[in-house]
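Letters A, B, C, D and E name the chains as they come in the text, with residue numbers starting at 1 for each one.
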Amino acid sequence: MSKSIEVNDLNVYYGDFLAVEGVSIDIRPNTVTAFIGPSGCGKSTFLRTLNRMHEVIPGARVEGEVLVDGRNLYAPNVDPVLVRRQVGMVFQRPNPFPTMSIKENVLAGVKLNNKKMSKSDQDDLVERSLTGANLWNEVKDRLDKPGSGLSGGQQQRLCIARAIAVSPEVILMDEPCSALDPISTYAIEELIGELKNDYTVVIVTHNMQQASRVSDRTAFFNIAGTGKPGRLIEYDDTATIFTTPSVQATEDYVSGRFG
Amino acid sequence: ANEPAPSDSEGSAPAETALTGTIEATGASSQEAAQAAWVAAFQQANTGTTVNYTSTGSGPGRENFISGASNFIGSDRAYTADELAAGGFGACVSDDIVEIPVYISPVAVAFNLDGIDSLNLDGETIAKIFAGDITNWNDPAIASQNDGVALPDQAIVPVHRAEASGTQETFTTYLNAVAPDAWTEEPSDVWPLESGEAAEGTSGVVAAISEGVGYIGFADASQAEGLGQVSIKVGDEYVPYSAEAASALVAASPLEEGRSAHDLAFAVDPAAAPAGSYPIALVSYLIGCVEYDDAEVGSLVKAYFQYVASAQGQDDAAAAAGNAPISEDLRTKVNAAIDAMVAE
Amino acid sequence: MTAIAAPSASATTGSGRLPRRMPWMLLIASFAISAVVFAVANLGADPADFNIALAVVVGMLIYMVLIFAISSIAESRRRAVDRLMTALVSAAFVLALLPLISLLYTVVINGLARFDTEFFTFSMRNIVGAGGGAIHALWGTVLITLGATVISVPIGLMTSIYLVEYGQGRKLARGITFLVDVMTGIPSIVAGLFIYSVFALLVAPGTRIGVMGSLSLSVLMIPVVVRGSEELLRIVPNELREAAYALGVPKWLTILRVVLPTSIAGITTSVMLAVARVIGETAPLLLTVGMVQGMNLNMFSGQMATLPVFSYMQSKYPGVPPDAYLDRAWAAALALILIVMVLNLIARWVAKVFAPKTAGR
Amino acid sequence: MTTTTTGTGRTHAKAVQRPGDRIFSGTALGAGIIILVTLAAVAVFLFVQSIPVLTEDPAQNQILKGESFLSWVWPFVFGTLWSSAIALVVAAPIAIGIALFISHYAPRRLAGVLGYIIDLLAAVPSVVFGMWGALTFAPMLVPFYKWLNENLGWIPMFSGTPSGTGKTILTAALVLAVMILPIMTAICREVFLQTPKLHEEAALALGATRWEMIRMAVLPFARSGIVSGAMLGLGRALGETMAVTLVLSPLGLVTFNLLNPENPTTIPAIIALRFPEAHGNGVNTLIAAGLVLFIVTFAVNFLARWIVSRRAEFSGAN
Amino acid sequence: MSKSIEVNDLNVYYGDFLAVEGVSIDIRPNTVTAFIGPSGCGKSTFLRTLNRMHEVIPGARVEGEVLVDGRNLYAPNVDPVLVRRQVGMVFQRPNPFPTMSIKENVLAGVKLNNKKMSKSDQDDLVERSLTGANLWNEVKDRLDKPGSGLSGGQQQRLCIARAIAVSPEVILMDEPCSALDPISTYAIEELIGELKNDYTVVIVTHNMQQASRVSDRTAFFNIAGTGKPGRLIEYDDTATIFTTPSVQATEDYVSGRFG
């Protein structure tokens, strides 16, 4: 179910402002790739271009190519809605739908698209997704309760369950733990480790320890100054980035000399 | 639960008549209370009928009659000769119409002064008060007509109607007729001057007078009870308002010249009011066609007019609206006019 | 910096603070003084409500003077100003309560005389003088307001969806926003005149039917609905929209299945408040639907009675005895107020009970 | 969203349009356009119906009776502006006070209840306000007016014979003030509550008292909101019909006198008063007056926007 | 101008929820003290009790003592308004008053107490404060422009200038750099190093590198789990905390093993 992503010379603009410039990167299937870098360097911006979520922001647009298993997401006639079913996303703050129960939240991606599904198939999918998100045991007795009643970490796992319920091939995560306490963070990190068996995972994180704990490959982004575009500085195996990076800025950043 | 049909209201329903149908009427707001009484009694007597009278005002009423939107109307004046000549009444077969004065109501002049229940005033003085020429209650012009009344040193505030009103037209007609020197304005349904207090509706005038010490105003007599009343000088004596005195005024007035026999437009001249009559009276008419395009409507209107003009109808209205029932003499003329109407 | 006099040693305590309970005691004392003064000055005269109100106002003034003076001395000038403003701001609130209390008192006292079953079961058909009721007006009000709601809500809601979800930053959206503001300012009587003119031109002069009332109320209601629901759609967190988009849900389904359900409680509330706002309109209904004595449930033919117009006409054209008419007018006013209040209460209840607990705080 | 990004990027695909999206956005757009059309229709119809008043001989006009339309309508324009201005001046500070009380002074639990109580005022239909004003409020003010006249009569506004019924332009304006309080309060309260916590805390951390914090952070931030609230209130006051009709002794004068029986009156009141008996071109005259009122409210709205936009650079928005 | 702070057994509650429990700490004058710890452990909450800013939050209250140079901030009769002049605060997100110019922003606190300050005294104070915040050269030509027109880092320094203009004795900073880009962060870090000459500085930071760069002493807070109160785990010289902490949890945290 997992796919590779190839990005060629991508520029991202907000209106006239060039936020990210000239990124080319190859993301391998069944790996966890971490994006690190100081605040404002365009990690989130770039991440969103991988499933065309940037288009939700008025004025945001890209130049360049993103190939998922060789198919360009930005080719004419590609439906962004379908792209997003293929490339799922989890956000910084857990955002379960407040009007829906836990179960409905998991099924949201299926149901909102008006897909008919038998009751038992539904139950099946709910159990599978929640188990996949390491949440099944905690919520199996209250599937009909609102999702907003869960703790932050549980909500975030619910969002992950919701994302995997539509069986995507890639899962993007934008600082999925930054709003969570250490114990919840730990649970999510565990989960990420399991997810990579089935999916290609890309995660943005502010926390270098987290990057080194969960990722196989790490991309370091940086920015020359306010108003300048963010760029991809270095992309390598996580171990290499954190021990013997080839660029000085990377070394400075991972050793805590700035940012 | 008096809906939908009157038949289910209390049992003493009189024998059903053959009459059925709905007639639409608009016009004078002065007749509002009387019409409510007439309509109620008529509908109860003729359970298959509905009469919708909406007080839109006389002017719109007369327009509605011309346009044919109203089957009959109430109006504070008859159509003028010019209007009759122009004709074109929408619901009628011809320009031959019936105009009958069936609502006569004295207009009281009322005031609010502590401890004084009535005053005598002549037309000249009233005109000067409302024109703003006499501004204090202890003015010699007032005192000279009221020996023995201790008039206070109190500013006079005259109250008039804020909107267009038949009562107001009657009152200004009176002032203009009896005191043309003191009251130089033409008769008008809107107040021509920019002084005094304005109040909306008869009720507004009455409320203003009862609240404001030193206030004086004119209002349909039925609503003016409990206020200080002005007796008005006619000839040599001062006449308080009364239903009889008011209908005496109308009875003594000549009919306007050059109209058909069933067009009873009175040329009321307050200046020529006979002794003992009350000179300020609103005369309001019912106006209908002699022959209707729709004969069924014609029958209904005729029946309604007959009831209104009847002694019973006049008493019903007097009880509900406090107006002056028309005299026997006048009823004879009115009935004669109604007889000209064509029924099925 | 040199000029900052506050010597650091005593800075934290400054010149001390008034004990917590002191201001309250002062307030009570001030009201007591004022009450005594008014009681003495008013000996013999009957205690009109005017004096009660005035006593309250004077009491507050005394309090303000006292607290300002005492605080200036015992604390600091800045504290004194702060306390004075606290008093002023609270006084503003109390001041606004006085007319409300007086109004409710007036309406209830006058309205209760005829607030009986007959009032809610009888129309004015065949009623002369006392008795009768306003069932026909009640139905008219219900029907006409319902009509206005049916017209306004779809238009208003869809417009706000356009403004929030589709129009962002577009000239047209800005134009609509501006004109909605302008429309909010349309005087109700002008709305009545507008509908009156349209029907005068299209049908016949002097046409008065129920839908005209609904239409003129819609002119007043639409902008309120747009404003209200726009606000509520905007506060639906973008995160929820993004969550749906990221699941591959098309935009229109996102709006329909995520955004609207999330805000529906609030929107219901704002619609009810909009209804409450127009249900008491008199002037446009006077112009467009007029008045009748009996029940007319046909929105497309004939004049209709409505509660506000009923109340107005009963008080304007009293027959004999006038009190019967005035009592009906007040009873109608009381009924109207109660309807509006109940609508308001339900609206708030809906907002509270059905509002989804959005994620996060 | 696919439609909102009118991308010009070379690889930006022309997004696929789904029928559902097209229908839905089309309906939404249609609804917006209905509003534009309605507003245009209001203006056009009022204008068309007003034409006869300006073209025909005023002597033949039931209401003008020979006077020109402008000279007839001018006193009412004056009365409308004058009464609304007084109402605004009275209501604005009180509304700001109430809103502050609810947003920054009252305990949080209480604030909701207090807000509801004020909103109740908004729930009272205007005809009820009118009846209350006429029956209770106006008589209540009579002794106060007498006192004002006796003690401050040398000020032209308070001179003359004070009304014995209290039905003066000042009473009408006060009733209007009470009526516009809730809407102004509601808006002020909203913006006060929206003041960024950041700025409030910044002020408090500098050692500001509560009032100083309000002056430093809340009021400047809320300025444009206060103005629009005030303008909305002014709009209500300009268009209010029944309350004025019932509470005022209307003569249509141009006078600044506040306490006399002889008063200015407002356009909506004169329309309501004259409409019942109006016929023929009289109706057109009243519609023309309505058009004038419409223009006045439009102008007020415009003015408000201009005031708000003028200090955009320093505004709290963003 | 700088003062010591002594906190004895402080509990902080939000309503009934005990957010921070039993903190006792001695903060020395003329030092920079850093508070570190995972998200939600009560760093901000505790910091705010040092100048009674927690009172701004409905329901927040404390038990215990905070002595600034021996005088208890929570004694009856102590005016919180005056406390806050003595103990200044800088927030996570820069918050210059948007309706004021740069100059007015700097003078905002001063004008409260001293309305009639001569023009030259004002200019003097503005220059001194802005210089103290390392901002003078960047803004001296546009003192009358709105403060919101500055970049994030400049805005944050403006806020620092505003805080020091009232000549406090202690300056509290709650993650002052977390919303800033690396270059601005660097400028602020420099500034903090200078501020300690005149003030006692307490800074909350998420960024351990930052803590080790700027602080003399470090306090590590931790939380046992969601809903549990935060506690002070260890407080020592920064060098000690980052190299040889005495508590295992501290070691785990600073070595990136969690959080």
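The working rule: contacts are C-beta pairs under 8 Å (C-beta built on N, C-alpha and C of every residue); 3 or more make two chains touch, one makes a residue touch a chain.
Not measured: the values here are computed from a predicted model.
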Intersection of contact partners for chain B and chain C: D
Among all chain pairs, the one with the most C-beta contacts: C-D
Centroid distance [mean C-alpha coordinates] between chain E and chain D, Å: 46
Between chain D and chain C, distance of the C-alpha-averaged centres to the nearest whole Å: 14
Length of the line joining the C-alpha centres of chain B and chain E, rounded to whole Å: 85
Approximate Å spacing (C-alpha centroids) for the pair chain A, chain D: 50
Junction residues of chain E - those touching two or more other chains: 81-83, 85, 112-113, 166
Chain D, residues touching no fewer than two other chains: 1-2, 4, 18, 209, 212, 276
Chain C, residues touching no fewer than two other chains: 78-79, 168, 205, 245, 250, 253, 315
Chain E-touching residues of chain D, taken from the complex the two chains share: 108, 196, 198-209, 212, 216-217, 220-221, 223, 313-316, 318
Complex contacts: residues of chain B adjacent to chain C: 1-4, 6, 9, 29, 32-33, 36-37, 39-41, 43-44, 50, 52, 54-56, 60, 63-64, 67, 69, 200-204, 206, 222-223, 316, 319-322
List of chain D residues in touch with chain C within their complex: 1-4, 18, 20-21, 23-25, 27-32, 34-36, 38-39, 41-42, 45-46, 48-49, 93-98, 100-102, 105-106, 114, 116-129, 131-132, 135-137, 140-141, 143-144, 178, 181, 185, 209-212, 214, 232, 235, 238-242, 268, 271-272, 275-276, 283, 286-287, 290-291, 293-294, 297-298, 300-301, 305
Residue numbers on chain E that touch chain A, as the complex places them: 38-40, 151-153, 178-186, 207-210, 212-213, 223, 225-226, 256-259
Contact footprint of chain D on chain C as seen in their complex: 48-50, 78-79, 81-82, 85-86, 88-93, 95-97, 99-100, 102-103, 106-107, 110, 154-159, 161-163, 165-168, 172-173, 175-176, 178-191, 193-194, 196-198, 200-201, 205, 219, 222-223, 226, 245, 250-253, 255-256, 276-277, 279-283, 286-287, 308, 311-312, 315, 329-330, 333, 336-337, 340-341, 343-344, 348
